[in-house]
Every structure is written in C-alpha cells, then in structure tokens.
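We just call them A, B and C in the order they show up, numbering each chain from 1.
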Amino acid sequence: MSVRRLRAQTSSRVIDRVFIAVLLAAAIVFLAIIGGLAYSLVAGSSLSLRTFGAAFLWTSQWNPVTNQFGALPLIYGTIVSSLIAILLSGLFGVFAAVFLADFAPRPIARPLSFMIELLAAVPSVVFGLWGLFVLAPAMRNAIDPFLQKTLGFLPIFSGPSYGVGLLTAGVILALMIIPTVTALSRDVIATIPIDQREASMSLGATRWETMTKVVLPAARAGIFGAIILALGRALGETIATTMVIGNRPEISASLFAPSYTLASVIANEFTEATTDIYRNSLIELGLLLFIVSVMVNGAARLLIWSVFRRSVSAR
Amino acid sequence: MIEVAAIPQASLKTRDLNAYYGDHRAIADVTLGFQPLSVTALIGPSGCGKTTLLRTLNRIHEIIPNARVTGEVILDGENVYDPAVDPIALRRRIGMVFQRPNPFPTLSIEDNVAAGLNLRLRRTQRQEIVERALRDVGLWDEIKDRLRASPHTLSGGQAQRLCIARALAVEPEVLLMDEPTSALDPISAANVEELVGRLASRYTIVVVTHNMQQAARVSRATAFMLADESGSGRVVEYGETSQIFFHPRERRTEDYISGRFG
Amino acid sequence: MKNYPMRRFTGAAGILWSFLCAFVAAASLLLILGYIVFNGASAINWEFITQLPHPVGVEGGGVANGIIGSVITVGIATLIATPIGVLTGLYLALFARGGFAETVRFLSDVLSGIPSIAIGLFAYTVLVQPFRHFSAISASFAFAVLMLPLLVRTSEEAVRSVPRPILEGALALGLTTFRSTLLIVVPVAWPSIMTGLLLAIARVTGETAPLLFTAFGSQFWELNPTNPMAQLALQVFNYAISPYRSQNTQAWGGALLLVLAVLTLNILARLLIKSRVSVIR
C-alpha cells in the first residue's frame, strides 16, 4: 500500500475553494439585488421626497396637472380595502383552518385543502377579470342594495353603488388572501401539541370547546401572524384591485364609493408620468409600499415563529 | 490487558481522546491502540460512546454542529487532528461502513463502487477496480450482469456488501464498521461477518457491535466501554478477545458479558 | 356537567360553521374557474392562438404574440433566476453558518413579500430608464427577482432533506465537497429543486403589474428581447378594461390560457413531490 500523506492534494483543495467561492458569489449577488431594490426606490423618489417631505403622507391632493401630489386618498383606499379583506378572510379563513386541522375527515380534508391552495395560484389579472364582470355586477345589482336596505343608516353603506368600489375591491382581495390565512392558520393549529387537546377533553370539554378554549388561544399569536401576512399581500395587490376599485383618488365615507390604492395609481399612471416630479411621486408610493410590506412581513413572521418555537420547546 | 505502547507498529491509535457535543462529553480519556491487520471490536451497552469513538477516528463526527475533540488520533505517526491535516485526505485512508446500507440511490451499482475513485482513471482501469472490489466482497458473480442496474434492486445484505466494496475500492488502510450487520437478516449477517474475517488479513478493521457473540467470533482484540456517572463513555477494559470474554479482569466487564445488564 | 345538551349544540353548530367556511373557500375556486372556462372556452379557437391582435374595434384576431412573448420573457427570467437562486440555496444548506445565513434567509423572506409593482419599478429604474426603452428583458429581470426567494428557499430545503446516511456515506468516502454535491447530493435533491422551479415559474406566469412599464406590450410579432414585447397577461388586462365586447371575450380566453398554464405547472409540481418520495426509501 503506497504511503499517502494526510496533507491535502492541492487540486482537491482548489476545487473546493472555487466551489465555495462560486456559491458565496451567488449569495452575494442575491443580497445585492435586494439592496439594489431598496436603493432604486429611494433614489428614484428623491425629488418628491425632497419637494413634499413628510406632508406627502397627509396631503389629499393627487393632481398630475398642477403637479401637486399627496398620498392621503391612496393610503385611505389601500387601508380600507385591505381591512375589509382581512376581516372577511380572517372570519372565513380561520374557521376553515379550524375545520381542516381538527374536524375534517381525511378524505374531505385533502381535496378541500388542495382546492384552497390552488386558489392561491390563480393569477391576479384573472381575479380582476372575474371581479369586473361577475362580482361587480352582483354587488351592484344584489348585494349592495341589500346592504343599503338593511344597514343603510350606517354611513359606510350609504350612497349609490356602481359595483366598482371599496367594498368590491375588499371582497376580491379577501378571496385572494384567504388561502394564505387558511393554510398558515391550519399549520399553526396543527403545531399545538396533542397533549393539550387530550388534557382538555379528559376534563370533559367537547371537541369544539377544546378548540375554542384551549387550542385557538394557544395558537392565537400564530393565527394573528397569518392574518398580518395576508394583510401584507392585500396591501400590495395591484391588478385585481385596480380593475374593481373605480380608480378615483377621493376619500369618501361610503364603502360603495370608488377609490384608489397606492399600487393601483402606480399601475395606471406610471406610463403617463411625463414630468420628473410626477414619476418621482409614483416611485415614492412604491417606496411606501416597500416599507410597509417589510414592516408587516417582519411582524407577521416574528409572530408565527414564536408559536412554532413555543410548541417545539413544550414537547 | 493490552499495553498500547507494546503494540508493534500500531497503525492507528488514540491518546487521551475526548469528544464533546456542545457541553456534553460523549467519550472521555480514551487511549487505545488498534492492532494492524486484524479486527478490533468495540462493545458496550447503548450510550457507552462506542459509535462516537468510531466516528472520531475518521473525523466524521465533525458534521454535527458544536462537536469537538481534545486529545489525539494517530495514524502512522501523524495526529489526524492536526490543523494542517485535510479531513478529506484522511477519509481516503480510513474508510467507513454504516449500520444501515446506504448506497447512493441515483448511481448505478457500478458507479456506486467507483464513486470514490479518481476521475482521471481510464475506463478500463475503473472497471478493473470495480470488479476487484466486488470480487473481494463476494458480490461479483451475483451481479456481474447487472452492473448498470439501480442499487434498489439489491437485497439488504447485497447492499451492505456493495457499501463495503465502495469503501474498499479507494484502498484504505483502515476500515471502520458501525454495527454492519445489525440491520441485516441472519443469513446476510453471517455472510458479511465471514467477509470481515477475510478482509482482516489486508486491513486494520474496527467494528462496533452490540452483538457479543459476533465480537467473540470475528475479532482478535476487544474493548469494552461504559458510560460513567456523568454520561461520558470510557474504556473499561481492553484486551485479547478470548481474555475479555473468558477471563475478564473488571467486574463490570464480567457483568456485561454475562448479561447482568445492558 | 352543566348544560350538556346546549354545549353539544354549540359544538355542532361551530363545526358546521367551520365546514361551511372551508366549503365556501374551496367552492370559490370552482366558481371562478367555472366562469373562466365557460366564458373563455368560446373565445379559444385556432385563430385565437395563432393570430396577431386586430386593430381596436375590429372583430377577430388573437393573442399569439402575447403567448410567444410570455414564453420568451418567462424563459429568460428562468435562465437568470435559476443559477442565482439554486446556488444561493446550496450555499445556505452546505456552507453558511450563523449570522450570515440567517440574514440571507430573512432577507429572502422579506423579498417574497414585496409587492410585484415595486419590483417592477426597480426593473424600470435599472433597465428601462437608462436606455429610454421598454424591453422584454427588463420584464424578465423583474420576474427573476420575483422567482428568487422561492428558488432559494426550496433549493435549500431540497438539499437539507437529502437523507443523512447519504450525506455521511459521501463524506466518509473522502470525496471533495464539490464532487459529493454534484454527483450525489444534487441528483438526490433534484426532484425537489425542480418542484421549486415549477412553482417559481407558476408564480410569475400571469403576473401583470411589473409588465406595465417594463415589457409594455406590443401589437406585433417581436422576438428580440431588447424591444417591447406582447405579453399574454397584459393583453388580458387591457382587453378586460376595454369598452369593446369582442375584446372582453378575448380577455376571458386569455385568462383561460393563463389559468391552464398555472394549474398545469402546479399539478406537475405536486406529481414531482410524490415521485420523489418513492425514489428515496
């Protein structure tokens, strides 16, 4: 047997060094892209940042003609439509998750979960198309009048309905984010250790009581995180929203009224933005969306992660 | 009791070896010499550190995060833990066979055996080495006409012999085996055991086993390990296999051998 | 126990309500798909998939340039994103320790939540504005950025899920990391990596917002990626909001094509996952 030394052959060391370097380079390119994204948004909006300052956020004028840009009506439209979306998707989505996690028999749970997950794969423009031609007329002809008749004394349900408006946008958004809420909540609920359920049942609680009094409270942070993550999606959703929201930069009390979101205005007006200040303002809206989504996502993941960590250590 | 210093040209030995996973000391103060060209068995109850000891010999325990070692493992006079040593080069001299056969699933049988070979070899050379390794483990006649097949088609015993062939193809000096037959049916286990006996004339072999009869059959020297009160594995007794099994010096060894615990 | 019948009733009602919620969520998929198929099928014919769009208001025509354009754009995006994403995932799984790895993963998660329109703005400032020219390649860049987080995450998971015994076997054989990764780890992880790739492609198929100011769209055939190029998703969008009924119908047709593409990719991905389970015993 030949005597081979334990010091490395140069060639294998070199190969591995080059290999690691290539992989590291890829990771650095990846980071650079993310950094470039942030930088380009800041640099591209520098003019409007300097011109309007913080007042950009609470000025309600969005006027390309006079070059006066304020984001307030857009912020309003974004927040309200997203709020509607998370109220609806939270209500339906969490209970759907409850059913799928603990109460559905296997042969039903699998196909239902599958279908809800496929819903997440449907492109935004397809939702928008359906919203425009199916949902909006339904809202205008049936649902909005019904709401007006029963709850019309509330300012949010006053005024005429055109089918396109805040409420319709909220409903479409809800449909788009319900898979996120359901899938994540279901995963969070499934993480709650089974002994907690068993303990509760052995004390005489029904399965439903176990769910509402033991499991859901334990999963509360994670479910909350799932909803916030879905909120992040809703805030940035562009195409479906712009097709059903009416595209009018005005603040109105009624949910039937047309409105405008941060993302929609960028989509509709960016290619028409001829002046620098106009373009900068639009990019500043993009920067706003970026910052908000980073904060919302960060908060959501922290919440979700805390539940997983607690369940793991409880085992 | 075998005196480490007295072992003639001990090709592999340890000196004051301790292995840690984080803060937990898995093996403590192990000083052993493995007789060349023979089989040494490591026995002991679960948790005694025998597998950990085995894995420190070819530095494979390092893949666990927070694993570290103090002391030395010496191969042909060189400490394998010296910072200048390349673990990859080390593992070509010390091969390993695992408890569960682990052929690479996406490679053919032939490519599995050749997996460790230098890429610059000519095709004919490769084929020669593959054939020789498969003959060494007694697999050649059984599978010589399906060398391109997937290793899925092999039985457990065949797969384990394939893994041994794969390790041998690299021409190591030492072969480490971690309970090589415990996942096999009795007939395959007997085949592999017999193979180990044959290989002993050409390689230094260290076998971890929880099967005492196997240790008695196959090895020339045996080390008995036990975890102390703090959970660290120590070598209780080390000697010729016949001495360990028929005239153990330590009470604890005798208790284990006679089945009073573990 | 107090009031057991009442509690039983509440429990049953609760479970029923939960079932209804799940049912509504799942049924809405069928509702939407139903309309798409119903309205879109009538629009799809040989002319639709082979002809250029007709001038506004003129009946007939098709979305062939959009189909080709989308395939080209997504194709280039895949070429850009796959090396960066898969190699980064490999790095995280094989070499990265501690802080750097956590930072990369965290930022990858952050990137996955950023609205696609903001990423479109990024592509615009980098690849459109300096050249004063819309182009398909700027859209590919935006798509690549959208695909990256998925690719990084699934590649890392794919490599991490290679069974321990295989990794240890390769290690014990004294193979260089390069060789063991290329020869053994990646082939074993390959189905999972492919699944991630299919899902990433599905993610950007149908993505519209960034296209508005990158690829911009076109009425004509275009194969040069440095020029503006028609995109199917853009055509669906424009036809949907168009006042002409004939174009609205074509929007449904295009939407059906998009949905078919996305569903096919998703189902292929799922089949791959199932087949992988049987390869590794």
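Keep this in mind: a residue touches a chain if its C-beta (ideal position, glycine included) is under 8 Å from a C-beta of that chain, and two chains touch if they have at least 3 such contacts.
In this text, all values refer to a predicted model and were calculated from it rather than measured experimentally.
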| item | value |
| --- | --- |
| Chain at maximum distance from chain C, centres defined as averaged CA atoms | B |
| Chain ID, smallest distance between chain and overall C-alpha centroids | C |
| Whole-Å gap between the CA centroids of chain A and chain C | 17 |
| Centroid spacing, where centroids are CA-atom means, of chain A and chain B in whole angstrom | 54 |
| Centroid distance [mean C-alpha coordinates] between chain C and chain B, Å | 48 |
| Overlap residues in chain B, where contacts from two or more other chains coincide | 88-90, 92-93 |
| Contacts with 2+ other chains: residues of chain A | 12, 16 |
| Shared interface positions of chain C, touching two or more other chains | 176, 179 |
| Interface residues, chain B side, partner chain C - complex | 58, 60, 63, 88-93, 95-96, 98, 100, 102-107, 115-116, 119, 152, 163, 166-167, 170 |
| Chain A - residues contacting chain C, complex | 12, 15-16, 18-20, 22-27, 29-31, 33-34, 36-37, 40-41, 43-44, 91-93, 95-96, 98-100, 103-104, 111-112, 115-116, 118-119, 121-130, 132-134, 175, 178-179, 182, 204, 206-209, 211-212, 229, 232-233, 235-239, 243, 263, 266-267, 270-271, 282-283, 286-287, 289-290, 293-294, 296-298, 301 |
| Residues on chain C engaged by chain A in the complex (per definition of touch) | 1, 7-8, 10-12, 14-15, 17-19, 21-26, 28-30, 32, 35-36, 39, 83-85, 87-88, 90-92, 94-96, 103-104, 107-111, 113-119, 121-122, 124-126, 145, 148, 152, 176-179, 181, 202, 205-209, 212-213, 216, 233, 236-237, 240-241, 248, 251-252, 255, 258-259, 262-263, 266 |
| Parts of chain C lying in touch with chain B, wherever the complex brings them together | 165-176, 179, 183-184, 187-188, 190, 279-281 |
